[in-house]
Each structure stands twice: as C-alpha cells, then as structure tokens.
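Letters A, B, C and D mark the chains in the order given here, with residues in each chain numbered from 1 onward.
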Amino acid sequence: MEPTAAQVACFEAGIKFGSLYHQFAGTPVSPDSADSLTAAMEEAIENQPYCEAVTVAVREDELREAIESAGADYTELTGRFLDVTMTVDYEGVVVETSMAMEDGYPLMQVETVRE
Amino acid sequence: MEPTAAQVACFEAGIKFGSLYHQFAGTPVSPDSADSLTAAMEEAIENQPYCEAVTVAVREDELREAIESAGADYTELTGRFLDVTMTVDYEGVVVETSMAMEDGYPLMQVETVRE
Amino acid sequence: MEPTAAQVACFEAGIKFGSLYHQFAGTPVSPDSADSLTAAMEEAIENQPYCEAVTVAVREDELREAIESAGADYTELTGRFLDVTMTVDYEGVVVETSMAMEDGYPLMQVETVRE
Amino acid sequence: MEPTAAQVACFEAGIKFGSLYHQFAGTPVSPDSADSLTAAMEEAIENQPYCEAVTVAVREDELREAIESAGADYTELTGRFLDVTMTVDYEGVVVETSMAMEDGYPLMQVETVRE
C-alpha cells in the first residue's frame, strides 16, 4: 500500500537523523568547540525539507571524561556525546523524535505522532 | 500519540537513507571505482538494524559525462549519480523505499508499506 | 630518507585540508546557515595537532546562484562554495596553505614554508 | 619560501590521509562487511591526484572484540580498527606513509621521502 502522510512524516524524520549523525560523526570536538558544532548541526539539518526544529546538545561531562582518559585535547564526535531532539511537520502531521544513549548505543526514536 | 509499528518502520527506513547519503556523499569516484563503492555502501547500510536489503547503482553515463565535462579523472559522489532501493522490516512491517533523481534533486521515497 | 620537519609540517597541513573537506562536504547549507557552518569548520579543525589557525569563508554569491538556479532553498556544501586558509606550526616550521577554486576544481595549495 | 617538490609531495600525502579518515569514519562496519569497505576506501582514495597506491586493512580481532563487548552486530568505523599505507608520487618524489595505532590514537606518519 502507499504510505500515509503520518508514515511519510516518520520517514522524513528518519532521514534527518541519519543525515545529522553520519554527516557530523567523526568531527574533531573539544569542550571549547562544542557550541559552534552543535549550532552548525542544528542549522544545517533545519535546511532540510519539513524540518521545523532541531536541538543538539553535547554531554560535556562525558566529553571531558573521554578526552582526559585518553590524555588528549579533543576527540571525535560520536553518538555517546549527543542529545538530539527534532520536530518534523509533513502535511500537518507533526512528529517529535529524539536521540539519546540507551545501553551504550545512540537510540533514535519517534516520541509522538500528531495528525 | 505513540507511533505505530508501520510508522516506526518508515522512521527506520529514513534513518538508513540519511545515513547512506551523508556517509558516502563526497567520496572520490570514477567509473573504475564505482563498483567497489556501491558494494561497500550496500554492505555498510545492511549492517544497520531492520535493514533487509540495499541495492546501490551508479548511473555510469551521468558519471562519465560529469567527469569528462570537467576535464577530470574522477568526481565526488553525489545524489545525481545514484539509484538506490532499500527494504526495511520492522516487527513484520515491510517498507520498500527508493532514491532517484527528480527535477534535479535526489528524491527519497517510501514506495510501499506492507503490514 | 626520513622526512624533515618542514616535510612533516606540510604533511600535517595536508591532513587538516583533507579532514576539513571530507568531514563537511555534503552538509546542507543555505545563506542563512553558512556562518554557523564556517565557524564550526574552523573550530573543529583547529582542535587538530599543530593547527594554529583556520579561516573558512563561503562564497555567498556562488551559493545563492546555485540554490536559485536549482529552484531550491539550500544545497550541499562542496568546494566551489569555499575559500579556506590554514596555518600549521610543526616544531617551529610554519606552513601557510589555502584552498580556492581553479579551473572548476577546489585546489589545495602550500603557499609558504618558513623554517 | 615557496615549497619544494618534496614538501608538496608530503602535503599531498596528508590530504589523502585526512580524506580517507574523515570520509569513512562512522561507517557501519562488521567482520562480514569489512572487506567491501576496505576495497572501496582503497579505490576511492587512489582516484585522487598523485596517489599511487593505498592499502587498508581492518584489525578484525579488535573489531570483533568491540562488537562483542557492546553486545552488538556491528560498530562504527574509527581509527582503532584500521591499518593504512599509502604511496604518493609528486613530480618524481615518492612519499611512503602509514597510519596505525599508537598510545590509543591513530597516528598518521611519513615513513620515507625519496627524491
């Protein structure tokens, strides 16, 4: 069957998450550069169609700990340092999604679908 | 409301498309290296959860033309050189998706949702 | 023969250019989001060892033109929209490098090496 | 001063390393998909100018261990799973380079410069 508007809205939300993650994973990041990176991630993904709002926060404690335990000045961005929320609006269907760590993996989830 | 299984299946399919595109866009590619790149793209994304099958084809004519018109030996991978299909199976809901050029843009689409 | 300090300095400069380009190529970008992206690119790469300074500018006219001619709201970042300069200091050898378009390709160059 | 051919050769080698690393870091990888990924990495980077040869090997033991200890089926490609060698020839100057783990970091190095 052809997809419903709500299903397409969820597909669009998934595209944004995959884009955000795989575009920016691996970027050199430190506590000092975290703010410019999260701002860029938000604004870059908000360019994409149907994307109403993106918030990206870096878990600074986790980031500092990873950098210190490696005896380094920076590390590479990966899901364990990120909390993300995203709102997609496709033909009036509003999808709220999030990414956060669960059992050591960055879990991307649909929170709510409002038709 | 909480998402249905079919909506989550579409979200998962979207994640794979965003991942595939933004992980590999920008890769140096030529007609000679296209086959190894498409094989890697397929197998990489098939690792992701609920991803049953991925096929990636490079539009070789379009690729050759872009390289020749630039007087180059290779170019960077972008959506205009790609045809992609993908099958996601999430809790028995099977979603068929595709990416192909439409009006100069790589359009990612849900083709069918089978519950 | 083992490399000289000046040769290693040039190698390190090259690493930063390849990193900057392939990390961020493909990012969705519009005139409104260009500033946050260039700030993030600069600060991300400045984290890397021996990297003293990075400046990234987006060619806004070129960007607007590409977006308008495609009838779109944004496009994907690629070298044709970028001017980059970078200073690397490795063991007192200072290397100045740049990236700019030449004959339709983003040419990365060592400008000067000061020992 | 303007760079020597040997310095430019080292700069070119650095570009390839930064490209390889930041293009492919974050790719979903498992023992089963490692071979297609390394083949694609080699052929993609060999497209770049002056690049004579690239070999990429995945440290399978390290990869299996990381996947098992996370209770997962795959992980994301990062430097700790990679051994890379690369030969660049720029105007007759041959540069041999490598990447391997040292003190927990993927160290990129110029091995030899032959003029």
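Operating definition for what follows: a residue touches a chain if its C-beta (ideal position, glycine included) is under 8 Å from a C-beta of that chain, and two chains touch if they have at least 3 such contacts.
Remember, predicted model here, so these are calculated numbers, not experimental data.
More contacting C-beta pairs link the chains of A-C than the other of the two pairs B-C and A-C. Averaged C-alpha coordinates put the centre of chain B at 27 Å from the centre of chain C. The geometric centre of chain A is 20 Å away from that of chain B, both derived from CA atoms. Centre-to-centre, using mean CA coordinates, chain A is 25 Å away from chain C. The set of chain C residues that touch two or more partner chains comprises 19, 21-23, 26.
Arrangement of the chains shown, judged by which pairs touch: all-to-all, with no pair of chains left without contact. Note for the complex: chain D touches chain C at residues 1-4, 6-8, 10-23, 95, 97, 108, 110, 112-115.
Interface of chain D with chain A (complex): residues 21-22, 25-26, 70-72, 76, 78, 103-105. Partner chain D is touched in their complex by these residues of chain B: 19, 23-24, 26-30, 32-33, 36-37, 39-49, 73-74.
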